[in-house]
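The block underneath contains the structure these notes are about, expressed in C-alpha cells.
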C-alpha cells in the first residue's frame, strides 16, 4: 500500500460567487499515476492547479477545506517552496524564448543554484530524463522555440525535472501533439512515475486507461460545480465502476 | 433600372480614385516638407563651408559666424539628461501598470499618465521657469542661474515619460501569459519572472518605446526655450566638478529655429533651415530605427 | 533507454540548503524591487499633481473678473484678459479640423477598405499602400517646429499667405493628419468583415457599404481621433509660433494674425513678468484638456458598447 502524497478534504474553490469545485475529498498515492477524467468544464484542471497553487493567480478566488502534501497544509507553506516541490507541465508547451540549455537551467538558477558544473550536470540529466537529450545534445544553444511541438513539450518536462520536484502535475500534456509525439510522452510518464508522483488531467479515456494506476472521475450537474464522483484503481473504474455516472462516461454515453 | 446601376458603379469607381489621392497626401506632404526645407537651406549651404557649420561652436549671425556645434551638443545633452531621469521612471511605471499594481490602482494610474502626456508643453515650460529654475538656483555654484541643462532635463524627462510608459506597457502586456505561468510553476518569484522572462521577451518593444522618447525629446521646442537659458556656448563645467556642466545654460537646435526665425536676415534665415534639415534627418533616422525594431519583433 | 532516472547530482544535499537560504533573499529582493517600482508610480503621480496644482493655485490669483472676456492689453505689463486668444484658438481649431478631417478620414478609408485586408489589391496598389503607410508613420514622428518651418517656407513666404490663421491651420492640418488617419484606420479595422460581406451580398457597391454600414459603425472611433486632434491643436505651440505671428488682436479674417492661448502663455512668460496671468491662462488650457480627455473616454466607451451588440 502506498503512502498518501496529496490529499484534500472537503475542498471547495469559488470564483466570486460561483462554486467551481464542491467538497472534493481525495487521497492521491505516492509514486503512482493518477488520472483526472471527466467531461469539459467539470473543474479537473482547476483542481489540478490546486496542488501548486496556480489558482492563486486568479483574482477573486476563495478556497475552503483543506489541501495537504505530505501531511502539510499547502496553503500554509511558502508558495515558492511549494512550487519547487510540485512541478507542472501545461497543455500548450510554453518554452521560454531562450536557448534549450537556459530553459532547463532556469528552474535551478532561480532557485539559487550557481555552480556552472552542477547546472550543466543537472541540465543533461533532466534532458535525459525527458528523453530529449539525444535529439538536442549537439546544439543546446538553439532556441527552445525552434523545436517541434512534441520536443517542446519534452523540453518543458525536462525543465520541470531540473527543479527536482516530488510531484509532477500534467494538464492534458499531449492535447496539442500528434499521435506519435503523444505516445512518446506516455512512455515517458510510465518511466517518470518510478521517481515522481504524477497527476494528469486528460480528455482521452484510452490514454487514462493506458498510463494511469488510479483514476478520479469528476462530474458537474446543473449547478455547474465540479464534484468528485468516484476515485479508485484505474482497473476498477474502467471495468467495474461503482457509480452509474462513471459507467455512462466510460462507455461513452456522454462527455 | 440599367441607368441606376451604372450610376452607382461610376460613383464607386470615382470615389476609389479620389480616396487614393487622399491616401497619398501624407507622403506628398512629407516630400514637400523635405523639399521646401532643403530648398530654403541651399543658399546657406552654398556660401558657408560645411566644416564651419558643423565643427564650429561660435554662432554669431551678425558676424557671419554660423557654427551649430554648440547647439547640437545642447540638444544631445538635454536629451541624454531627460533619458537618464525619465527612462527609469517610465519603465518603472510600465512594470507597475503591467505586472505589479492591482486593478483599481491601474484604473487610476493609467489615466494619470495619459493626462500627464496631454498637458501642453508650454505649461511644463512655465512651471519649469517659475518653480524649477529657482530651485536649481539654490545649488550654490558660481555662475549657476538656475536656467540650464539640468532644469531642462528634468522638464523634458517628465514630458517624455508618458510616451515611453504607454508603449513599454503595451510591449510588456504583449508577452504571452504562458511564459509567466511556466516561470511561476518552476518556483520563481513574481519579480524573478518579471526580470528574467517578461522583460527580456519585451525587450524590443521597450527599446522602441525609448527611441520614440528620444525622438520626442529632440523635437521639443518651446518648453526648452523657457528653461534652458539662451547661451549658444559649448557647455563646460562651471568649476572643477564635472557635474556642474549640467548647470550651464545652453541652446537646442529647435530653440534656435523658433527664437530667431522672426528677425533673421536672408543668410541667417537660410541657416535656420539648415538646422531644420539637420533636425529632420536626425528624427528620420531615429524613427526608422524604432520602426525597424518594432517590425523585427513581429517576426 | 535507462529505466530509472537518477537526477541526484553529487551535491543534492547542498541544493536543499541552498534553496531555503535563497528564498529569504529572493523575497527580500522582490519586496525591495516592488517598493522602487511603486516609488516611480508615486513620483509620476506627484509630478502631475504638483504641476497642475501649482498652476491652478497660482492661476486663480490671476483670474480677475472678465479675464475671459477682456482682450490682452499688450505691452510689457501683461495686463488684460485672454478673450482674443480664445477666439483665435477656436478659429484655428475649426479651420484646421475642416482641412484635416476629410483628408484624413478619406485616406483612412482608402487604406483599409480599398487596399487593406478587406479587399484584394494588385501589386501596385499594395506597393502604394506601403508607401502611404510609411508616409503616415514618418509624418507622425516629425516634430512640431519642423511643420512650423515648412509652413513658414510654403504658406507664409512662398504662397504669400503671411502670418495668418490660414498659414497656421494649413501647417497644423499637416501636423494632425497622421492622428486622424491612424484613428480612422483603427476604427475601421475593428469592424468585423461580416458587416461588409453582408452588405455586399445584398448587392450594394463598395462605396454604398462604406457609407451606410461601415462609417456609421466606425463613427465613435473616428470622432475620438478628431477630438484628439482638437486637443493637440490647442496644446501645440512651435508650429503656430512661426506661422501665426504674435498679434493679440481679435482676428477678422483668415488672413489675420493671432495667438492661441498656449502661445499667449508663452509670450506672457517670456516677454512680461505677469506669471499669474500666464498661470491663469494655463488654468483655462488645462481645464480644456481635461474636458477633452473626458470626452474621449466617454466616446470610446460608447464605441466599445456599440461593437459589443
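Structure notes:
For reference, chains read A, B and C in written order, and residue numbers begin at 1 within each chain.
The working rule: contacts are C-beta pairs under 8 Å (C-beta built on N, C-alpha and C of every residue); 3 or more make two chains touch, one makes a residue touch a chain.
Just so we're clear, the structure is a prediction, and the values are computed from it rather than from any experiment.
Ranked by the number of C-beta pairs in contact, the top chain pair here is B-C.
The most distant chain from subunit B, with centres taken as the mean of CA atoms, is A.
Taking the mean of the C-alpha atoms as each chain's centre, subunit B and subunit C sit 15 Å apart. Averaged C-alpha coordinates give centres for subunit A and subunit C that are 49 Å from one another. Residues of subunit C found to touch two or more other chains are 26-27. Residue numbers of subunit B whose C-beta contacts span two or more other chains: 189, 192.
Residue positions of subunit A touching 2 or more other chains, listed in rising order: 80-81, 84, 110-111. Against subunit C, in their complex, subunit B makes its touches with residues 8-9, 11-12, 15-16, 18-20, 22-30, 32-33, 36-37, 39-40, 88-93, 95-97, 100-101, 105, 109, 111-116, 118-127, 129-131, 158, 161, 165, 189-192, 195, 212, 215-216, 218-222, 225-226, 254, 257-258, 261-262, 272-273, 276, 279-280, 283-284, 286-287, 290-291. Put simply, subunit A touches subunit C in their complex at residues 78, 80-81, 84, 108, 110-113, 115, 118, 121-122, 125-126, 128-129, 131, 161, 164, 191-192, 194-195.
Subunit A makes touch with subunit B in their complex at residues 52, 54, 57, 59, 80-81, 83-84, 87-88, 90, 92, 94-98, 106-107, 110-111, 156, 159-160, 163.
Within the complex, the subunit B residues that touch subunit A are 102-103, 176, 178-179, 181-189, 192, 196-197, 200-201. Interface residues of subunit C, counted against subunit B in their complex, comprise 26-27, 29-30, 33-34, 36-41, 43-45, 47-48, 51-52, 54-55, 58, 102-103, 106-107, 109-111, 114-115, 128-129, 131-132, 134-139, 141-150, 152-154, 158, 174, 177-178, 181, 205-208, 231, 234-238, 241-242, 262-263, 265-266, 269-270, 275, 278-279, 282, 285-286, 289-290, 292-293, 297.
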